[in-house]
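Before anything else, here's the structure in question.
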Amino acid sequence: MRRFNLNLWLGGVLTLLVITGAVFAGYLTSLDPVFDANLMHAEEAPNGQFWFGTDEQGRDVYTRVLYGAQISLTVGIVSQIINSIIGLSLGISAAYWGGWWDDFVNGLTNVMLAIPSLIFALAIMAVLGPGLPSLLIALGLTNWSWTCRIARSSTLSLKGQGYVQAAQTLGYSDIRIMATQLLPNMVGPILVISTLGIGSAVLAEAALSFLGLGIRPPFPSWGSMLTGARELIVVAPWAAVFPGLAIFITVLGFNLLGDGLRDYLDPHMRTRQ
Amino acid sequence: MLKTLRLSALLLAATSVMALAQDVTPQSGGTLNFVAPYGSSFGTMDIHSSPSTQDEFPAKAIHRSLYQWNSTDGKPELELATEVKASEDRMTYTFSLRQGVTFHDGRPFTADDLIYSYERIAKPSNAFPGARYFQDVAGIEEYKSGAAEHISGLKKIDDNTLEITYTVPTNPGYSLMNTNAAIYPAGAGEDPTFIQHPIGLGPFKFVENIPGSKVVVEKFDKFYKEGQPYLDKINVVLLGDASARDVAFRNKEIDTSILGPTQYVAYQADPELSKGILEVAEVYTRHVGFDTKKPPFDKKEVREAFAHAINTDLIIDKLVKNKAYRATGWLPISSPSYDPAAVPVTYDVELAKKLLADAGYPDGIDVAITATQNESWGLTIVEAIIPMLKDAGIRATAVPVEASVLAEVVPKGDFQAFMWSNLSGPDDYEVLKCFYSKTPQSVCNYENFSNSEFDKLFEAAGKEADQTKKNDLMRQANNILQAEAPSWFFNYNKAVMAYQPWVHGLQANATELAIQNYEDIWIDDTAPDSRK
Amino acid sequence: MLRFTMRRLLQMIPTIIAVALLIFVIFSVVPGSFASSLMADGKTASDPELLARLNEQFGLDKPVYIRAWEYLSGLAHFDLGTSFRTREPVLDVINDRIWASLKLSIAAMVFAIVIGVPLGFIAALRPGSVLDSITMIGAVSGLSMPQFWLGLLLMYFFALVLGWLPSFGYGGGDLKYLILPAITLGVTPLALLARTTRAGVLEITNEDFIRTAHSKGMSNSRVIRWHLMRNVMVLVVTTIGLQFGSMMGQAVVIEKLFSWPGIGSLLIDSVSIRDIPVVQGTILVIVLWFLLINTFVDIIYAAIDPRIKQT
């Protein structure tokens, strides 16, 4: 019998909470995150009208946190999908074909591991300029090396298995074997690492915003809200506290979910991690 | 309302000057912890190579230029010379150099040092930003092409006399007062150790540079002004972050601080801190510029509509926290050509809509505003005007760029509208040149402005020798700018410096408040022991 | 052993060359230039002539492949080029900053070890207990916070509210200036160390040699002291090494927040003014540091466990 998986449950609840906020933002607030700005209400503390207070532009922080969830989650999930696609296709093909391609992918992975991903993303953002598409590209291109490594080692161990060899003798094309025989067998670990990756992408977005290379204002992402509120830490701390909490809850949720999934998929790991 | 504001500002400036003047006998001795607020490092100790204000903080202590800005009179005045004779055509200037002036290493200052320094600045292979100060000096083309070894327009009459000849009528003070036109000892720039250990004519000697932390300078005993400098030592401390500076100032770790809008409000409200606030209307104009050659901003009505759609006073009040003066035209309040009668554009959404319709855009327009991350003249302001513009049918979006990119795309004309803070003084004529139709966009006519009436007035001002008449012509030209609205003129910066109660002798420098003539500053007995 | 070390060091070379080329390519297409950054404050009007001269002086007017070649051949002689801004060798510029970075990294690491390792031990003593759950969720929390937000909160409480510590800056090297940035930077490795220590202890207590030791009649405390400690230490030291290696890269945001004069803030400043030689140089130093520490960890590992050398 499985023991109660606290990580999975807690992570699941937090993640669900954030996703609900993002999807139903329009129903959870009647205000607009950009155009409902009234400078007469600037820097108001949390009250009955503005639950999380207002920022320096007189916008409702609660509304912006909700809409910010849409952008931050988009950044996290889409960039992680890009990472997974790159990591999986490179990792599986490298192990399956071997030879110079394997060496090349290995070398590339080492290079990617050696450059801190934030610095790499920073460089890409500087080239492409701030904005959501650039963010997705920058974060999608810089964090695939672990996925690639896992895909490669899984493929190496699966390659010798009977059903893969059977597929080969049946004359299946390489691509088909990779997609139908190898890929489904590594879904578990990849799911775990992707969940953790979403969390780090949300954090990376915040860091890039802080360095002035985030999304386009006035649209709210949590990172840009935090950065904007930095100067207000004394006069209007709520403007920084709530988006920060939102990031914290989201990343915590995805991290716990990732850990929980690992325990769930590999019960032997449970006591170890 | 605005007039009272301006009046009170002027009064305030006047009282602070008076307060400074009332300080009786300056005291000698002590250490000053002076803040360099624009970044977390100094770029270089070779001030000739740097245009940045940040690098001026140590350089201003160590070096001297031929002219110096006089904050009280609001104009450049002779510093390293005692007299200058200008020819009738204002093209030849003869300087009688100050006597008994020595460099920190004891070498006497002569005309050779001036010529050496100016030729070094103008030397093409050095690519120094100050080269433009000499673009109109006679013989510069031969020097640049390598045909001549020296600039013929810089002539040494004797050790104490220098003659500068220009090819057009010029007022040399505005360019030669710059810190990056400082005088080095002849030949020093080629000595590699000089940059590590600079020597100059300034009131303080270089002691040490702790990168990322501070530059230390100490009193130069043989400084040419009797009894000055008063201070024994200055620590020029790097403190880029505003909130950090706030804490350090309140803890009395630093003696001066430059305030942002949020702190400005807090310091004014504090009974103690409010006693040590120095404000000045700086010569920067914050604006959103339009490319007047491209639709939809080729239509004057559209540009006017943009300005009418924005509640400028509200933004200045709530977001900028009154750390700015509402702008009318381009020239700022401190300019002698500023028109006190000019009335700022009204906030009138209906009028804005009508103007748009008149211009052929009844359904409104879409506009992308290129801006950097800056709270006073960047995305923070753009964020505030986007909802306002929307009410008038102007659908604006922000194009965030880094500062270096803004300075690249705007001169290339690669924008629809841009937000920037640009120098608008103290040399009115040079500043207005940026709207002269013959000035290309790549230089500083970013709005591609072209107006025959403006051109006529500007040309006339250039030929006018009488300063009052010249100012009048420039005032008219500036009023045309306001009427033609190549930009939404937002505000003129109000620079605010906080200082500790024991600090005296600070100057209300309108060109850049943070840059001070250190030799005039002194501290009294109430300073903490760490400063004695 | 020496051959192993040499081999690992040589393996770094292609990675470094690839990194250098990659960085070079990215920053040769970046918009904005050092020359344009000089006009960014609106103080000086744009000066096309100066732009052209600066580009000529920095060799930016040459074709990309020639510049790439010059850059790589300079690297082969350990020459990182000349800073556009200070006009000094990049190595000198970096040398001015690297000690502050090392100081911060070491302080953060010490903080992480002193708190993280004992925490992991405590959690592992009773797996599944409330204490264990709290510790581990606390560790995940540490990994879930935007660093600069944590830094801001710390700054707010310890500097502004309590007034105990300076909020920022280097302060000529006083220890009190180091505390807040070091704690902020140390939270991530602390959390990872706590998790690794816990996992290591749990894994090893299940393994055979402990049981063997028990069957030999060694007392429980001696088992823990001798076998457990040594084997957990290997795991912990590896984690410390990896974290220490990546710390300079992680410190970028924190150095910027606390105005700490290290490599990270140098990198950010240099990117914003497009001082490309310094950007390339600092990234190379950060990468080199990572690779060196990793190699060093591998070597230590191989010294402890000779089987590693085969792989």
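Per-chain residue numbering starts at 1, and chain names A, B and C are given in the order in which the chains are listed.
One rule holds for everything that comes next: a contact is a pair of C-beta atoms (placed from the backbone, for glycine too) under 8 Å apart; a residue touches a chain by one contact, two chains touch by 3 or more.
Keep in mind that what you see is a predicted model, and the values were worked out from it rather than measured.
S.K.: So which has more C-beta pairs touching, B-C or A-B?
M.R.: Of A-B and B-C, it is B-C that has more C-beta pairs in contact.
S.K.: Measuring between mean CA coordinates, which chain is farthest from subunit B?
M.R.: Computed centres place A farthest from subunit B.
S.K.: Approximately how many whole Å separate the CA-defined centres of subunit A and subunit C?
M.R.: The answer is 22 Å.
S.K.: Please report how many Å separate the Cα centroid of subunit A from that of subunit B, as a whole number.
M.R.: Subunit A and subunit B have C-alpha centres separated by 45 Å.
S.K.: What is the distance in Å between the mean C-alpha positions of subunit B and subunit C?
M.R.: Roughly 40 Å, centre to centre.
S.K.: Among the residues of subunit A, pick out those that touch two or more other chains and give their numbers.
M.R.: Residues 126, 129, 212, 230, 233-234 of subunit A touch two or more partner chains.
S.K.: By residue number and range, which residues of subunit C touch two or more other chains?
M.R.: 31, 155, 160, 272
S.K.: Residues of subunit B touching 2+ other chains?
M.R.: Correct list: 243, 401-402, 405.
S.K.: Spell out the part of subunit C that touches subunit A in their complex, as residue ranges.
M.R.: Spelled out, the residues of subunit C in touch with subunit A are 14-15, 18-19, 22-23, 26-27, 29-31, 127-128, 133, 137, 140-141, 143-149, 152-153, 155-156, 160, 195, 199, 202-203, 206, 246, 249-250, 252-253, 256-257, 267-268, 271-272, 283, 286-287, 290-291.
S.K.: In the complex of these two chains, what residues of subunit B are touching subunit A?
M.R.: So the residues of subunit B in touch with subunit A come to 242-243, 246, 260, 262, 265-266, 311, 314-315, 317-319, 373, 375, 379-380, 382-384, 386-387, 390, 397-402, 405.
S.K.: Where on subunit A does subunit C make contact in their complex?
M.R.: 3, 6, 10, 107-108, 110-111, 114-116, 118-119, 122-124, 126-127, 129, 199, 203, 206-207, 210-212, 223, 226, 230, 233-234, 237, 240, 244, 247-248, 251-252, 255-256, 259, 271-273
S.K.: Flag every residue of subunit A that touches subunit B in the complex, lowest number first.
M.R.: Going through subunit A, the ones touching subunit B are 34-37, 39-40, 42, 56-58, 126, 129-131, 212-213, 216-218, 228, 230-235.
S.K.: Taking the touch rule as given, give the residues of subunit C at its contact with subunit B in the complex, in rising order.
M.R.: 31-34, 36-50, 53-54, 56-57, 85-88, 96-97, 100, 155, 159-160, 163, 166-172, 259, 261-262, 265-266, 269, 272-274
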